[in-house]
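Shown next, in structure tokens, is the structure this report addresses.
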């Protein structure tokens, strides 16, 4: 039993930190706020070269075959940098293709993702505010040549830069997952500006959008369990990113409390501030335990892996919001300014809190498991 | 518009404080813990003489015709003293009789309550943990001479000393309220010891208990709205008592923080303690606003009176629990000892929190009103 | 104890409501000129400067009536008057401590918003610890030479005048060497740079003073009496916004309820979900308690019980509530709560900060409430020390003194 | 990173479970003799003194194995061993700082519970500020004459020996004049008075020492080295209870779920109420996080990373969780949660404090957790200063020094 990172893992974490500190500075993030795509192709190619995009994909398809723990390490660092881009949606969609795709689909997409030549995303949420996969309302109708999809998918992360969308839709056989070309006829993409300008969400309207017969990912009617698994995996990744954002806010708050003086002493010497910082650290440390337990459990296929994923998302969502919010309070006025970088992480944590299943969704998922 | 107490009200409050400080000292409360009745007949007679029992009853029936604001003033002081006895159940039951009773019933009970010759209580809660009056499961069946009642009423305050129980029961006409002699055949009373040893709760089992035909309070099937109104009134009274308990805990905490020294200075000069005390005061002040607004609204029949009652109970329940709990924390170890009096008030507030509708009940009641 | 409004206040409310319904919706109120025109209209109707004595152009109304006006404006979403800081704080300071010349020169133009005022108090290194401010005002006989930097200045870019706290005696103890003087903002030595908040807008500014000139005749009170003046006269708008604020919360609540009717989960509207209901019920209880507390403050003001340090409780209470409240709203609304441009009716709300926007704006603004005008930590210090009488903190600056 | 238990630990757990299932339920464990007998049985099975070196009668096990034993005992509700303070803290202190004579004389009898030990540290006026203790031990050559009062002493009435902190140099700075000495409790100068807690039971005592005698040979370490000794050797049971504690929470959770199935509201079991579900789900998430955190602590101990000041985070985390947890339980259970004698199965729970009882007992006990062994305030100070490296507080006793 060992809860510490292996030296390889620690190395990965350090190198990610080093890379992001240099290539994803707050100034970089700010520059991309005004970019219509919101991400940098150069950066994308660089992280592909670092092997991050293929990190968890099978070696046979150009990946490194590493696990969720390593992915979480990267995501924590990305959260710490408020990294702007479709990393996690793409990797998660690639995992879906790996898990359920036909060999041809894997060949088409996985190496392309690993090399940075393709971006992808999953359209989890329908018009309703309901994260249960079975709540999808988008419908697929069979045609002579394949299917047509109609419905509205909301808040799809980074759909505007994706080369392929994974769209769940109801068919007579049940919930089915389709690979959809976002540039195809019948699709309309509308960006949805949210608080975190480095998080790009897109509403995707499908109006009898035609998809080919071979665009099914997995069998008809079989998308439910797959989507639930992806949502859990997505949740753990989001929790890792929120943890990173919280760590950054904590570090900034502690650093500020050491040097900012009021009433002739550093504010960190006042109990009000020092105790707040201690509570923030407690939340960050517990979040660390939650994220990496859940990530390990997914890799190890532990019997409580599903529970742990929901625990991580529910706990870290609350914890990160608290830590990042308190960091503003510790800073006082300066922490409320646009020029100071704190809000990058505060907003990122908040944005992720409501993605991949919000707290309500995961708390209910927990209870369904433990109070049968 | 005047939120301050009139000079009469202030006088009443002062004299109640004075009386209780002298006659209901913590030592008095402790003595009664071991008493099977749990209350003092002498004390009962004294408060009758002070006019407290008839305070809100009509002058025609031996009362003073004052309102809920004055009653709340007394109850706040009683909470502050952790007063042990059936004051509030009795007055509330008398109010029920005043509101719905036939003239003969009023004559029988109201003057007796005012003079301290009778005690009464209402059996709100059935076996279920459901405060809605309509949830009552006790059934009344018509017989030749009257009715028989069967069911189990739980957590009935001070039923063991009551001269009359008000028992809601389902009849073919709907929910009906009965005046029941607790010493009658078919009734079994079982004391239920709870955390606050000065709060006496009793389970009342009715096994085909016969009651006379004229024992109905109000018409058959008409008890629902009356009980709802009594529950609200009960809730405001309980909120006043919790406010008093919280004030006492706050006073003790502040007093202690001023004199207790650690690390060479009074602990109240540490921000951790002083900020806690400030938050406690905030909760106490807000609770004051909530209690007296609600009490006034009942007296004035304001259009938001029902809302305000639920607001007061829901808010003050949380606030008093918090204030009393934090008072223990401010005190440290000494606050956790049996000999120190803090737990009298801590436990009283906690006991009242779940009576007359708990937080969940009143929050739902609020929402039903404001989100129709 | 009688919480019914007086017949007079009831009539006044009807009158205000009628006036606002007739006058509020006419024309845009966006440009500075439009805002000044709207202010002027409000002033002429008697709804600005309500607590000012009539001799200075005010209306001699009660705090309750002032609160009623703000409440009705909140109910209607009417645009606020301009120059709030001037009329609420700076004017009263001049009335109490100013010379006759100052009163003549400044008060009427302030009331009518002919001249806009700002406050030059906080500095980058003097926030909570305002008395450690470093901006210097050198006595040059007929004027002061001002050098330094201020921050968190509202209305900076549109201000004609500012009330300045600056150090006039560098050798005195920190509270003793500060003076209060009026500064003309339209002079070469004064540079105003907008300061953007995390909401993306810029309601505050930084103000840089380089050899700026403040006239001797604009000194308020005596030399080195500034701290005392700043501490004692900040009270004329107390309770003004107390009812309006809660009404704004209530308007937002109704929008939140509407949202929970439209958004669905588990095949039914969110509003039918007991977990959502319980949280909404709790929030509404807290909201109502804020309303009762506001009435209590107004009642105390009416009875001439100055709330004094107890107003720290009010400020702590509503700012912390507001934080919890919008946090809850965003939790319930999920991604819908994060939009920065509204698409549906329930997404477009009045943030009670003066800045209209979406739930996201309100949520972000709520983080400022516990920081500005004395942070929650400062309020708790004040409550602990001045209301509860707890012993003073052991503090580095006190040891030196 | 691999959170699977090792094959060895898995086997050990099976062995412990089997042993406990066979041995735990046999006979009452209430009287002191019965408790000593049960302790002895546990010891002989290798489940007491697990981290002690074999040369002193211990078993040389790992912290993980120790935690497994406690976890399995929690799962079964097995009675705990007696003399926990002795074996956890006092014995290790003697092993590290004691003389050979002391080790010979005390250790074995401590392990076997032949002699029960208590700790004489806190005083009425020295709680958080332990170093300000006033109990005096006057050096009389071959012995010390002890006068003073101690408080919060566990196992006081049954203790044969105590480890005492007392002032041996009244003129030195407060941390420098304290010595650590073993005190025989069965002597006329030592009076033990049980101290009742708000739960109604008396797990603590006050201890009055009037010209009590402590032998010179029972001095631990050097004269006036007591503070240092008390600070450095309190670490041998770290993590021992970490898993068992969470298991106890989980057992209570199952009882709470059972209660919400039996209690009804709105015509259906509470467990079907979304508002109750959301709160239970949140509580369980927190509970699980406590479990993950416990594994992390055990892993660190295994890797010989002493958690040091970080153990303040653990203590703060679980005690504050426990408070929220039982508060939630009582909120859900309403009056059923307030009973002081159980009537239904779900009302009778293991309070994780060593005192079995009802939900009310657990709720009350949870208020003690954030006070004893360094209050939450003290833990936050330690975390702020020693983990985060925040600057030291300005504090009166430091100014004097």
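We just call them A, B, C and D in the order they show up, numbering each chain from 1.
What we mean here is this: a contact is a pair of C-beta atoms (placed from the backbone, for glycine too) under 8 Å apart; a residue touches a chain by one contact, two chains touch by 3 or more.
What you see is a predicted model; the values in this text were computed from it and never measured.
Common partners of subunit A and subunit C, by the touch rule above, are B, D.
By count of C-beta pairs in contact, B-C exceeds the other of the chain pairs B-D and B-C. When the contact pairs of A-C are matched by residue number against B-C, A-D or B-D, over half are shared only with B-D. In this assembly, A is the chain whose CA centroid lies farthest from the centroid of subunit B. Each chain gets a centre from the mean of its Cα atoms; for subunit A and subunit B, those two points are 51 Å apart. Averaged C-alpha coordinates put the centre of subunit A at 41 Å from the centre of subunit D.
Counting only residues that touch two or more partner chains, subunit A has 265, 269-273, 275, 359-360.
Residue positions of subunit D with contacts to 2 or more other chains are 274-278, 377, 380, 394-396, 399. Across the complex, subunit C is touched by residues 125, 128-130, 132, 135, 154-155, 192-196, 201, 261-265, 269-270, 272-273, 321, 325, 328-329, 332-339, 342-343, 346-347, 350-351, 353-355, 358-360 of subunit A.
Remark: subunit C residues 273-278, 394-396, 399 touch subunit D in the complex. The part of subunit C that touches subunit B in the complex is made up of residues 1-6, 9, 64, 253, 257, 260, 271, 274, 277-278, 280-282, 284-286, 288-289, 292-293, 295-296, 298-300, 302-303, 305, 310, 313, 316-317, 377, 379-381, 383-385, 387-394. Contact residues of subunit B toward subunit A in the complex are 270-272, 275.
Interface residues of subunit D facing subunit B in the complex, by the touch rule stated above, are 122, 124-125, 127-129, 132, 151-152, 195-198, 200, 263-267, 270, 275-276, 323, 327, 330-331, 333-341, 343, 360, 363-364, 367-368, 370-372, 375-377, 380, 395-400.
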